[in-house]
Amino acid sequence: MYEDLRKAVCDANIELQKQKLVVYSWGNVSEIDRTAGVIAIKPSGVAYDELGPDKIVLVDLDGNVIEGKLAPSSDMPTHLELYRNFESVGGICHTHSVNATMWAQACREIPCFGTTHADYFYGPIPVTQAMTEVQMQSDYELNTGRVIVRRFANMDPMKMPAVLVANHGPFTWGSSGAEAVEAAVVLEQIAKMALGTIMINPNQNQIGKPLCDKHYLRKHGKNAYYGQK
Amino acid sequence: MYEDLRKAVCDANIELQKQKLVVYSWGNVSEIDRTAGVIAIKPSGVAYDELGPDKIVLVDLDGNVIEGKLAPSSDMPTHLELYRNFESVGGICHTHSVNATMWAQACREIPCFGTTHADYFYGPIPVTQAMTEVQMQSDYELNTGRVIVRRFANMDPMKMPAVLVANHGPFTWGSSGAEAVEAAVVLEQIAKMALGTIMINPNQNQIGKPLCDKHYLRKHGKNAYYGQK
Amino acid sequence: MYEDLRKAVCDANIELQKQKLVVYSWGNVSEIDRTAGVIAIKPSGVAYDELGPDKIVLVDLDGNVIEGKLAPSSDMPTHLELYRNFESVGGICHTHSVNATMWAQACREIPCFGTTHADYFYGPIPVTQAMTEVQMQSDYELNTGRVIVRRFANMDPMKMPAVLVANHGPFTWGSSGAEAVEAAVVLEQIAKMALGTIMINPNQNQIGKPLCDKHYLRKHGKNAYYGQK
Amino acid sequence: MYEDLRKAVCDANIELQKQKLVVYSWGNVSEIDRTAGVIAIKPSGVAYDELGPDKIVLVDLDGNVIEGKLAPSSDMPTHLELYRNFESVGGICHTHSVNATMWAQACREIPCFGTTHADYFYGPIPVTQAMTEVQMQSDYELNTGRVIVRRFANMDPMKMPAVLVANHGPFTWGSSGAEAVEAAVVLEQIAKMALGTIMINPNQNQIGKPLCDKHYLRKHGKNAYYGQK
């Protein structure tokens, strides 16, 4: 069942390793079939070299395993909470990529310092509030999803396909698992560039809305003209 | 038509990926046949792994497509403005390479801190003025070329084959596409070295003109003695 | 004799090179067979490309060579002191990996800034006291082990499988040589992340005990739920 | 003639590229046959991928070409000045490796912050005086050698097989070309570690003489006990 979905999710997970965003079994990618209400996700703690489509776990939006012998990623409840609240999201990715995690650990949003950033993310990369002790004690992974959703109260997740969970690391998303991984790769690049930018010029301001609009809308929306039609 | 030109431009683009200056389809290289007035350029948004000489687009100096089924790079108008104004330039390269982009985002020129820099670039790497809202609203890519040309009002582009577009990233050039890529590779090296230099010694001054002259002229001009004759 | 042990130690040492934690012959991994009281360890100054199970040296807990034609690692007395004092430790690893060594050279413990750290290490990575001249003059490597043991007077080494020897570099350990190497790999990641974290936010505090508990205990101990059962 | 010498120098040069210390044709390694008074050195501006023993140039201590169709490295006069003055040196290497060059450009010696450094270099890595305009105007490369020699007036080059030429980059040496390259690789590592060390602890002091002695003499001199006998 859902062979294409499992294959796509397997490939997207393996791409994390190729892109050097993960070590060992860290990180996970999922993708949802909205019509069926089925999510395919990486199994917990399995090495990327041993991953195959047959090891991808299928669950429903409540986290019940539909198919698969392995336990799903321990971060599954975070993924599900995002799918339940961000209806346009089709795929989700979580990593501890080094540069994005530096910003998450510093509890600082990544300022939009240039067009590389604006090409993909429409504004600074938001950071969640730190989780409370109560939020950690039970349903920790579900509550991780909730603090992300709360942070996006007034934002369109499809225009800002990334978040930094405070003291933790990034989640990214897109219309598919592959797109979520692409957002993770770009996030890592801009996180590194932003750190260098403030080292060179500690008082640098973010770019203004016109340049942000120009680049974001050059690539996204009905007037986009980047790439092939 | 122009098989050699398309092959050279394809190879130069692929070299960007080999040199790790780009991720995904970012970056682009072009080269001009001055006699024919024909420019070969990378198509927009095409992955490097899928690039071949047959996908390179041929345009004239006004941007009319002469041959090619794909849309040319969205940065084409910047390239053309440079070719029109920098008559000795034969090839142009644009990347968002990490270290050079840090300086562009910081809106700081890269100081000439040593002989690695002076071997290739005759002075600090200039930064353009930030673009105005009007310059962004229409003909943005053409205006990007114009702010570069304005920055070079009193400079010889062949002695300074690189510029940082403020809040954006580097453009480099040379007598061919391959040379433009070489300038991009070296620019990335010196951008990284310069950041380390100011981290070690925040008050370090640029090298003086005699050392800059010595190294630049050791490699360039009629008295050059580096390499084989 | 002890073919499996030598094979495991050889593989663990070679993994150091694969993970880019060492250059040349730097670094060493050992593993102990507690029942037999036999330790397998890398020979001194042998290149990783030339390493094979037959070159691994077998010694007892007093450092007497049981089998092997080559001299054991010059750091062997440090390993033995740790095995004698940390009874639950089954494997030990020493590297000069770049980022962990930065912290060791700075004589600063690595603060626990996030969940990547807390997933593996239950608190900040400790630094030993600097060694005294007397400690250096004789039995230097043994005394290196002693300053580590003294630093762990009130700590469980299995909850903190890493230490930074002041002015020197990291030692890591685990239930096997392979686990010790894994701890070295993760230590290098968190050392790099922590440096970036203080560059972005010099006043950042460590995460609190609840988040540290949550992540450490999610992966370790009787209530762990990460990975497959 | 001198086939072994040319082969050794060719291999040592190619090792620079493998170790990622150079881009393009940057860098050069030489080795001397003291009995014959013959030096083998890389040709100027030749790509590493095109290098073979037949392209290595043989010169005498006055710089006369003994054998070879290509022009020797433009840095040859620096090498020769070092061979003439450092009689125990058998091989010399020059690179613009990124981290060592940062320190050279900052005109700061690399402090001895730890045992990785002391294992190879007996004290801080010295920096030359900046060259004067007169020294640059004629015999620049020879004068580069002279400022190095002057910096070593009271030092044994075999205990300090590296120097940073101010505003330029490192030269390293050893008993052979291969050893000179090894010193360049280690220098790059310690340059990177030292930058991180001062970022973490800007007031960190160098290690004391006892620890420096311990590690340097553990590997060098008549009481060395590191490695195999």
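Quick notes
Per-chain residue numbering starts at 1, and chain names A, B, C and D are given in the order in which the chains are listed.
Methods note: a contact is a pair of C-beta atoms (placed from the backbone, for glycine too) under 8 Å apart; a residue touches a chain by one contact, two chains touch by 3 or more.
Treat the numbers as computed from the prediction; the structure is a model and nothing was measured.
Contacts with chain A and chain D are shared by B, C. Residues touching across the chain B and chain D pair largely diverge in numbering: under half of the numbers involved belong to both copies.
Between chain C and chain D the CA-based rotation angle works out to 90°, given as a multiple of 5. Centre-to-centre spacing of chain A and chain C amounts to 33 Å, using the average Cα coordinate of each chain. Residue positions of chain C touching 2 or more other chains, listed in rising order: 198-199.
Which chains touch which is summed up as A-B, A-C, B-D, C-D.
Contacts from chain D toward chain C in the complex involve residues 113-116, 182, 185-186, 189, 192-194, 196-201, 204, 207-208, 210-211, 214, 218, 225-229. Chain A contributes residues 23-25, 43-46, 70-71, 74, 96, 98-99, 101-108, 131, 133, 136-137, 140, 167-169, 195, 198-199 to its touches with chain C in the complex.
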